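Listed after this line are the structures, all set down as structure tokens.
In what follows, chain A forms one complex with chain B and a second complex with chain C.
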Partner chain A sequence: MERILDKGRLGAWVAALADWTVLAPAMQDGLWAYRPVAGGEASLTLGHPNTVQPPKGQSFPQREVFFTFDETPDGQPRLTPLVPRPGPRLVFGVRPCDGQGLTHLDQVFGEEAPDAYYQARRGTLAYVGLACNSPPSRHCFCTSVGGSPFGEAGLDVLMIDLSDRYLVRALTPVGETLMTAGQGVLTEAGADDRAEAQQRRLAALAHPQRAVAAPQAVPERLKAGFGSALWERLAQPCIGCGICTFLCPTCHCFDINDEVASQSPVCGSRVRTWDSCQFPDFTMHTSGHNPRADLGARLRQRVSHKFLYYFENHGVFQCTGCGRCIIACPVGIDIIAVVNQVAAEAAAMPPADS
Partner chain B sequence: MIDPEELRTRARDLLEGGQVRAVIGYRRGSRGWAAEPVVITRPEEAQDLVWDPSCVHNLALYLVQDRRRRGALRESTDRPIGILAKGCDARAIVVLMQENYVQRDEVYIIGLSCESSGMLDERKLAGAAEGIDPQALEAVDFEGDAFVLSSQHQQWRLPAAGVMAERCLECRNPCPKVHDTLLGKEPREQERRGTASAPTMSDPFAELQRFEQTADSAAARWDFWSRQFDRCIRCFACRSVCPMCYCEECMVDSISFTVTPDTTAQEKANRLRWIERSASRSDNIGYHLTRALHLAGRCIDCGECERVCPVRIPLRLLNTKMERESRERFGYEPGASVEVAALLASFRDDDPNDFIR
Partner chain C sequence: MEGNIYLPQLARVVAIHEEVPGERAIKTFRLEFIDGDGFTHKCGQCAMLSIFGRGESMISIASSPLVHDYKQFSIMRAGRVTSAFHELAVGAQVGIRGPFGNSFPVNDWHGKHLVFIGGGCGLAPIWPVIQTAVTKREDFGSITVFYGGRSPRDIMYRAELEKLRGTAEVYLSVDSPDDGWEEYCGFVPANLMEKEPSPEDAIAITCGPPAMIKFVIKNLHALGFQDEQIYTTVENKMKCGIGKCGRCNVGKDYVCTKGPVYSWADLKELPQEY
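After this line comes the complex of A and B, so read on.
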């Protein structure tokens, strides 16, 4: 299903989606962030390059309470499970790289060991994407990591900006429902609209982007470069913060702790929080030994997880080329340069068996 | 202003002559105009060093990293490490020396005077002038009281004060007081103040004063800070970038809790955690306020914590508040002199409080 939405009627479509809590990018405190849209908001525009944080937190929040625990009056331990039951939520204006990122989260939390908390949140979420006519940042590199500025993965609807209007395309049954709900606002798409959308797509694909070089060879070369001295050198300016992982649309590592509110009587909650491979205690063993004791080993882990281990497990890169880790790194660590340099060094090495 | 070539020559000579084992400086990164920190060890690498308004980072952090790395490798050295230091970086190095974290003879300080200029605030660039796309810039440079910004096809000359980092506008010592060699000149007060129509320097604590005037009640400040701290994602970039945050174990980590075969489940469960991992309002406030108090009399206002924050929490307000307290109550200025005892490690007979005497 394809329809046309006049730009001025975006708010009217949102108003027609009264069953949903709608989130859209808004500028607040100097940041683009997904925020709830007040009903029938006429000022809603999708003017964002991309949001500072991806929509990841909607299905994988930074803090998730698994259950609470306490004592019954007769001193017996008691657990109270807390599986979230959110109402339907709709996230507007998701860029294709972030849509792609959602598919990775779905794999991790849905395939081998379905995660009840993630599933409960994901099940009532829908995503309306916004194609990138040109790269929102100079550090976008989606096309070299298997994505596309017009990519549809992970999204229910894709909107394509045609200057004064959007071409709106349903990608899933949920997407069709959303468009049906807006039938008073959405109008028929004509052949010329489709042709224009296609032109935009070709122009976007032709737009120069930074790139991971020879991507098909990257996993093998990173494997060969595991022991490279480059890791330590490239991590030299690293300060060891969690920005790169916490702003990443696909990083999903977490920690689980009991937050004890009271020892006597015992009560508290078991909580899952985001964790980062860049933190010093991430791989700290209970013995005190840390297999990734230095920043080079941690940079290697972050990059190899995205471009080697995840590829080995799922056949795709985990990185979607959104560029957030490059833009926000306080000291200029650049994942494209890191991958390219380690891979180039490995490519120049003689094969191990010669 | 300092000619970067002069800086490269100085660094090359020091490495060639073996006076230093490495030089901590800035080079051009792979992601455009912004400089990035680098540690060079070979004389020929000196040609990569740069000096321009994007040299924002406080390099004193890398003295801390150097000490940690050498400690982990049990590496001893008889030669100092060279470091480029702006006025603020040098103040941070002085605090590390006052606290005996770094010894004076372990460091060779190549002082860089910002003179009457300062560092560019990337966030002020957007909308600073017609047609500037911060993303398209390729280079930034000093030119008197202006910054020159260049893209591939265009050049802009902007009054520096309009896009300079707030902490630079409020800086009292743009020229390092402690150094082994100095590049650039100590600016005269008049040069730093600029002209009435184009002032380059604002009053110290100007931003703090603006905040206090806007949020002038306890309720207004609680609202303001709740809103700021609610955004915190606990990436700890503010802590990680801070040269004063050198504790082996931070209150937010639990890395020294060692488990032996005798450790009971009870002990594991009850290990001390000052602040939970959850990015909740109370834990975020606990983290930020504890950190601010730990920096009282130590923070030299390099502003790095605020610059690196991905969600724009105005952390300088907390730190300059503590700085003003230490100045007004104790006449103490952090990082002014290696010889002066650190504020929290000193005692004076004329202390205004009774309880301490």
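After this line comes the complex of A and C, so read on.
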């Protein structure tokens, strides 16, 4: 299903989606963030390059309570699980790289042992994407890591900006429902609209971007470059703040801790919070032994997980080229440069077995 | 709460045995599920134990899978959760979820000679295999157990080890003997070299401190054991137990799901980040 939406009527479509809580990018304190929008809000525009945080927090919040615990009168523990039961929520204006990121989160939290908390949130979420006619940031590199500025993965609807209007395309049954709800606002798309959308797509694909070099060779070269001294050198400025992982649309590492409200009687919550492989104590054993004790090993882990380990398990990179980790890094660590330098060094090495 | 992998079941501490006193204290806890049928496990698997208000810790299941009435865990007092365990009394209730991880391929070892090499609290993860081999004695060839601690009082499962004699060859060692110590004085890898177990039709199963493992592997190679005949377990910090939290990640593997049991042939392919 494809329809046309006049840009001035975006708010009217949102108003027609009364069954949904709609989130859209809004500028707040100088930062683009997903915020709830009131139906019919005339000022709703999708003027964001991209949001500072990806939409991953909607299905995987930075902090969430698994269950609470307290003591029964006889002093034994009692658990009360808190699996969320959210109503339908719709995230507007998701860029294709972030849609791609959602597919990786779905993989991690869905495979083998499904995560009840993630599934409960994800099950009532829908995503309306916005294609990138040109790269929203100078650090975008989606096309070299298997993505596309017009990519549809992970999204229910894709909107394509045609200057004064959007071409709106349903990608899933949920997307069809959203468009059917907006049938009073959405109009038929014509051949000229489709042709214009296709032109935009070709122009977007041809737009120069930064790039991971020779991506098909990267996993093998990172494996060969595991022992490279470059890791430590490139990681030297790292202050271990973890912003690269917290803003990443695919990073999913977390911690589980007990937050105690009262020691006697014992009462509190078991809580999941985002964690980061860039923190020194992430892997530290109780004994003090730390398998990834230095900055180089931790940078190597972040990069290798995305470009080697996940690739070995799933055949795709766990990096969508959004560029957030590069933009936000306070010391200028650049994942594209790291991958390219380590891979280039490995490519120049003589094969180990010859 | 069917299907909630983060919600522990409750279990009651029905017995506590002090294995090792002092700074590196080890206690063995026998847990019985309070309601529900708990879970069955395989040799080498782990469980996440909780003390509510302190947190969770991943511990090897030390009892045999052939025992269904309870699960045992031998816990060294080390951090926040394990120290809280050492304060518990019989009757206390704790949380348990699992089982996690792969297992020792015990059924592939029928007819083989089994050589166990443990150090410190590293006897606990391989103890279910020893128990299974002893219970199903006719399924296996000879059973040899090497085990060592720092001093005689650091030897865990002392009474059980004595009971093994007759069924298995048991070689104990300590680095710091006292006057009454009549067995080997020195490190486990050296004791191994002295007794020279044959690699023929044998499987070596080792668990212990990293420094011990390193020399055990070296000596097993010197004795003629191939990488495929050597099994060990990997311990890494864990939080979820189900391959999601990222903490135990080594190369392409999450140790909590692909491990903790590895043949040396498989383990040497992974980065040494454990």
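We adopt the following convention: the second predicted complex is superposed on the first by the 353 of 354 C-alpha atoms of A that agree within 3 Å, B and C clash if a C-alpha of one lies under 4 Å from a C-alpha of the other, contacts with A are read in each partner's own complex, and residues count from 1 in each chain.
Here, a contact is a pair of C-beta atoms (placed from the backbone, for glycine too) under 8 Å apart; a residue touches a chain by one contact, two chains touch by 3 or more.
The shown structure was predicted, so the numbers you read here are calculated from the model rather than taken from an experiment.
Engineer: Following superposition onto chain A, is the placement of chain B relative to chain C best described as a clash or a fit?
Structural biologist: Taken together on chain A, chain C would clash with chain B, as the superposition shows.
Engineer: Just checking: does A:P114 make contact with chain B only, chain C only, both, or neither of them? Give me first, second, both or neither.
Structural biologist: second
Engineer: With both complexes overlaid on chain A, does A:V52 touch chain B (first), chain C (second), both or neither?
Structural biologist: first
Engineer: Give one of first, second, both or neither to describe whether A:D29 is in contact with chain B, with chain C, with both, or with none.
Structural biologist: A:D29: touches chain B, not chain C.
Engineer: Once chain A of both complexes is superposed, is A:T273 in touch with chain B (first), chain C (second), both, or neither?
Structural biologist: A:T273 sits against chain B, while chain C stays out of touch.
Engineer: Check the residue A:F246 against both partner chains and state whether it touches chain B (first), chain C (second), both, or neither.
Structural biologist: first
Engineer: Figure out whether A:D19 sits in contact with chain B (first) or chain C (second), or with both, or with neither.
Structural biologist: neither
Engineer: Scan A:R138 for contacts with chain B and chain C and give back first, second, both or neither.
Structural biologist: Touch status of A:R138: first partner only.
Engineer: Taking the superposition as given, does A:V331 touch the first partner, chain B, the second, chain C, both, or neither?
Structural biologist: first
Engineer: Superposing the two structures on chain A, identify the stretch of chain C from 63-71, 81-89 or 171-179 that clashes with chain B.
Structural biologist: Of the stretches 63-71, 81-89 or 171-179 of chain C, only 81-89 runs into chain B after superposition.
Engineer: Residue by residue on chain A, keep only those touching chain B in one complex and chain C in the other, then list them.
Structural biologist: 255, 257-258, 260, 263, 275, 284, 286-287
Engineer: Spell out the residues on chain A that touch chain C in their complex, using ranges where they run on.
Structural biologist: By the definition above, chain A touches chain C via 66-67, 69, 76-77, 79, 81, 83, 108-109, 111-117, 226, 252-258, 260, 263, 266-268, 270, 272, 275, 277, 282-287, 289, 291-292, 297, 301, 305, 308-309, 312-313.
Engineer: Can you list the residues on chain A that touch chain B in the complex?
Structural biologist: Touching chain B from chain A are residues 29-31, 52-53, 62-63, 137-139, 236-237, 239-243, 246-247, 255, 257-260, 263, 271, 273-276, 279-281, 284, 286-288, 290, 293-294, 326, 328, 330-332, 334, 336-337.
Engineer: Taking the touch rule as given, give the residues of chain C at its contact with chain A in the complex, in rising order.
Structural biologist: Touch residues, chain C against chain A: 1, 3-8, 10, 50, 52-56, 78-79, 82, 93-95, 210, 235-237, 239-240, 242-247, 249-252, 257, 271-274.
Engineer: For chain B, which residues are in contact with chain A within the complex?
Structural biologist: 29-32, 34-39, 57, 61-62, 69, 72, 123, 135-136, 227-228, 231, 233-237, 239-241, 253-256, 258-259, 263, 269-270, 273, 276-280, 304, 307-308, 310-312
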